Amino acid sequence: MSPAAPTELLIATIARLLQGVGHVAVGASSPIPGAAAFLAQVLAPEAMRVTVLGSQRNNDFTDGGRELFDCAAQGRIDAFFLGGGQIDGEANVNLVGLGAYPNLDLRLPGSFGSAYLYFLVPRVILFREEHSPRVLVPKVDFISAPGVSAPEIYRPGGPQALVTGRALFNFDKAKRRFTLISVHPGETVERIKAATGFAFDLADDIGETLAPDDATLALIRGPVRDAIAEVYPRFAANLIPN
Amino acid sequence: MSPAAPTELLIATIARLLQGVGHVAVGASSPIPGAAAFLAQVLAPEAMRVTVLGSQRNNDFTDGGRELFDCAAQGRIDAFFLGGGQIDGEANVNLVGLGAYPNLDLRLPGSFGSAYLYFLVPRVILFREEHSPRVLVPKVDFISAPGVSAPEIYRPGGPQALVTGRALFNFDKAKRRFTLISVHPGETVERIKAATGFAFDLADDIGETLAPDDATLALIRGPVRDAIAEVYPRFAANLIPN
Amino acid sequence: MVNSFTMSLDTLANRVPHGAMVAVPADYSFVSMAATRALIRRGIKDLHLLAVPQSGIQADLLIGAGCVALVECAAITLGELGPAPRFTDAVKSGRVRIKDSTCPAIHAALQASEKGLPFLPSRGIIGSDLLRVRPDWTLIDNPFPPHDPLVALPALRPDIALFHAPFADRRGNVWIGRRRELMTMAHAAKTSLVTVEAIRDIDLMADEPLAAGALPALYIGAIAEAKNGAWPLGLPGFYEADEAALRTYAEAASSDTGFARYLAALMAEPHAAE
Amino acid sequence: MVNSFTMSLDTLANRVPHGAMVAVPADYSFVSMAATRALIRRGIKDLHLLAVPQSGIQADLLIGAGCVALVECAAITLGELGPAPRFTDAVKSGRVRIKDSTCPAIHAALQASEKGLPFLPSRGIIGSDLLRVRPDWTLIDNPFPPHDPLVALPALRPDIALFHAPFADRRGNVWIGRRRELMTMAHAAKTSLVTVEAIRDIDLMADEPLAAGALPALYIGAIAEAKNGAWPLGLPGFYEADEAALRTYAEAASSDTGFARYLAALMAEPHAAE
């Protein structure tokens, strides 16, 4: 078995964050989270539901575009993923643009459902492959969705972790700060600090992000690759075949 | 052509009240209003839509039980019918029961959609075949839906007329009173007064309710009878055949 | 996951706890009379029965059999067969509490729950005595012009949505066709218990026309096969109501002794109708 | 009423007034690119484009062609082909005004209109800068415990819902299958203009499985046949997107001159794609 490629490490890392989840939903343009969800599903001891937007095979919604949001509000979605053009140290995400609104220096597509799902889904996993001071900023230019809310705000959901191409962080809601848990192979804590625009805490036992074992790699290169190919054929083609 | 039966007079009278209507909806247990709607439809110079609850052929709703109410709120239903165990002189209707709530002397089925549709459908026609002081009362024991509302209440709809087995009234919202327009064949104004538990105004030219002509009777006994037979077969069987 | 949804009618009925809030559809929709009889045989107690938005023989039978503590509805009636006698009697005597409502309020309160909202506003209702007898309903101001008062209807979140359907697949997807109030009920409820005419060897989600009328397994707790499970009501679009059997019920239920005989027969012949 | 709904694509496009609020679905739903091209050829101006809840090439093309004054959306993007260049450019330069939103807010505001309500409340959103840039959104208090603040989203009532569908019948009923956001759009809008792959000689309402996915004629203003009318987008469940044609657009739209050439070709060859 050839060693884990960086993408495979990310898939395995995110899949571990989904342990115990009953229903994970995957939004648009999310091949790595989608693959991670399928990996978590095949590894789960109990039935786990994966809903992938854009899929015909793994999307059983029949009540229109609102059903994802209603379903989350009903408490029937346990995990979801958000990205962002910017993410800051309080886990605020910006999907709208850089600069002064509305005539931004860089206009991004828009907030999608972030301003809602971030509040309602218990485990929101922030995922952004690029790990740089450009993306991980002290303060986002526009808050599409806030990382934390005042106590009077109804908020069963929120950020659980941040996975980038270089490291894994947990988020502490009470402290409103990220904690570095592990660095991916080849990285150091110092390099992560230099690449991160916000301050963060350090776990007591920061190690290297656990690489997937051979059995897990075989799953990624087999059934997971097959499942993700329906919605992301080019992504699947670039995964190492079994 | 045999002369108009009492039921046919009612059908024709209600159909005249539906002139100019684009969409009329007919609720549960309403064979006479249903037949009147079909008669108005065949007489209408422009396309007129008839929705009959309980029908497969004349009910195109596909969004569940709420669609009738949503459709009315959108302004897409122009006319509807309400009955009532009691109707009073301010056009309040009672579909809940007689006596002191909740341990009523006579419990009726319940308010159905009256507390909503009465507010939102521009032309609500009150129809109750029994015309007696027991039904037409000074004040209903329970207001399922009020006849008139304070100016600050959003209310595009309300009562247009009251048709009974003995007479036809219009309703004047400003005066909050019914006006007797015509008495059915064989009735007199004095007999109507005696049979009505509330005070009402008299039109200047109270006449006899117009009986349907032969052409109209032929329609009632032909296409209208056929159309209403789908939902009310026993009622249709009792209409005079063509 | 194959087959984990499927169980016997009695096992399904055992999933309804005493005191549960159970939402059931109107006679024009897909009523599970089979599950209703199973619940009565089981001796279910203290139900909070939510009629969506009205009910007939199903509510009357459950009330007459002593299974219901509270009924919430826009109406209970046997339709052309007249008033619902057990309902009428139990409400008048106070043996069953009633929360009188109006059809769109029940639909809206379920939609509130479907959207995870504490309430949905409604036009209408103001000036009706319903507002007086429903202290759980309250007025709010429309924050936009014309700033008119609106009724805030608190969300209804049934413990169980209970209904019948023409068929389901083995993955637990249930075909409800255009009876979309069942979808709202299922979304709003904590779980749904469904009887079906048949479990078919198909994948409802793989067929575009069928998927359009399918309620996904996501919302389903259990499915039991019950042929003619709506009897004596009909399954609109599939089979007609048994008018004679409905008339037999209406006549029996019109007296205490008649109803007692009807109930005894139902208890004695558990599977006569299924 | 037979046939009164049916007209040519250009006649249908002429039913859209300048300045109209037009609701369009997301790329994963049923987008009428045929009508979009017809509107551009017609020289439609000042549209208030409401993306339900996001859009791609349709919005980008209309914006680039100068048809749009205001775009309201949760996102505009070409997806895996990157940002929507004409949208990005027009918003940055201020040539097009934007009302930034979030997916569930657009769905809820349409549901408000569907229910004839002035607004619908929403959880979430508070603490997002969306609330700051949307002065039309306001806070209200939940009148029930825990009395938390909620966002009141004013109803969105489009003048026109514009979309494509697999087929319609001659009575004006349109089959939308599980694309139920089209139903909400149509209920919420004053009228709906629909292109279809084909008008079929069937009665959609007479067939239970098809009726479950049908939008009744009641909500429809006009229907025009347009074979491959979603092209270069796909019609999910029916045909795939034309990835090469989408890439051609993305590359052309990335520069002013490239887009101008693309637009000139679209104006010159009115029916190349239909």
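Going by the order they are written in, the chains are A, B, C and D; count residues from 1 in each one.
Simple rule for what comes next: a residue touches a chain if its C-beta (ideal position, glycine included) is under 8 Å from a C-beta of that chain, and two chains touch if they have at least 3 such contacts.
Because the structure is predicted, anything quoted here is derived from the model rather than measured.
Identification of common neighbours of subunit C and subunit D yields A, B.
Seen from the Cα centre of subunit D, the chain whose own Cα centre is farthest off is B.
Note: centroid distance subunit B to subunit D, computed from Cα atoms, is 40 Å. One simple way to say how far apart two chains are is to compare their mean CA positions; for subunit A and subunit B this gives 59 Å. Averaging C-alpha coordinates per chain places the centre of subunit A 29 Å away from that of subunit D. Residue positions 61-63, 69, 73, 120 of subunit A are each in touch with at least two other chains. Shared interface positions of subunit C, defined as residues touching 2 or more other chains, are 108, 111, 115-117, 122-123, 178, 183, 211-213, 237.
Taken together, the touching pairs give a contact graph of some other shape, not a line, ring, star or complete one.
Chains touching one another, given as pairs, are A-C, A-D, B-C, B-D, C-D. For subunit D in complex with subunit A, the touching residues are 25-26, 28-29, 52-54, 73-77, 79-80, 83-84, 87-88, 91-94, 97-98, 100-105, 107-108, 111, 122-130, 133, 146, 148-149, 178-184, 236-237.
Those residues of subunit A that touch subunit D in the shared complex are 28-29, 53-54, 56, 61-67, 69, 73, 95-96, 101-105, 107-120, 142-146, 149-150, 152-154, 234. Residues 108, 111, 115-123, 138, 140, 142-144, 150, 152, 154, 176-178, 208-213, 237-238 of subunit C touch subunit D in their complex.
Residues 1, 4, 113-117, 173, 183, 187, 205, 211-219 of subunit C are the ones that touch subunit A when the two sit in their complex. Against subunit D, in their complex, subunit B makes its touches with residues 23, 47, 49, 60-63, 69-76, 120.
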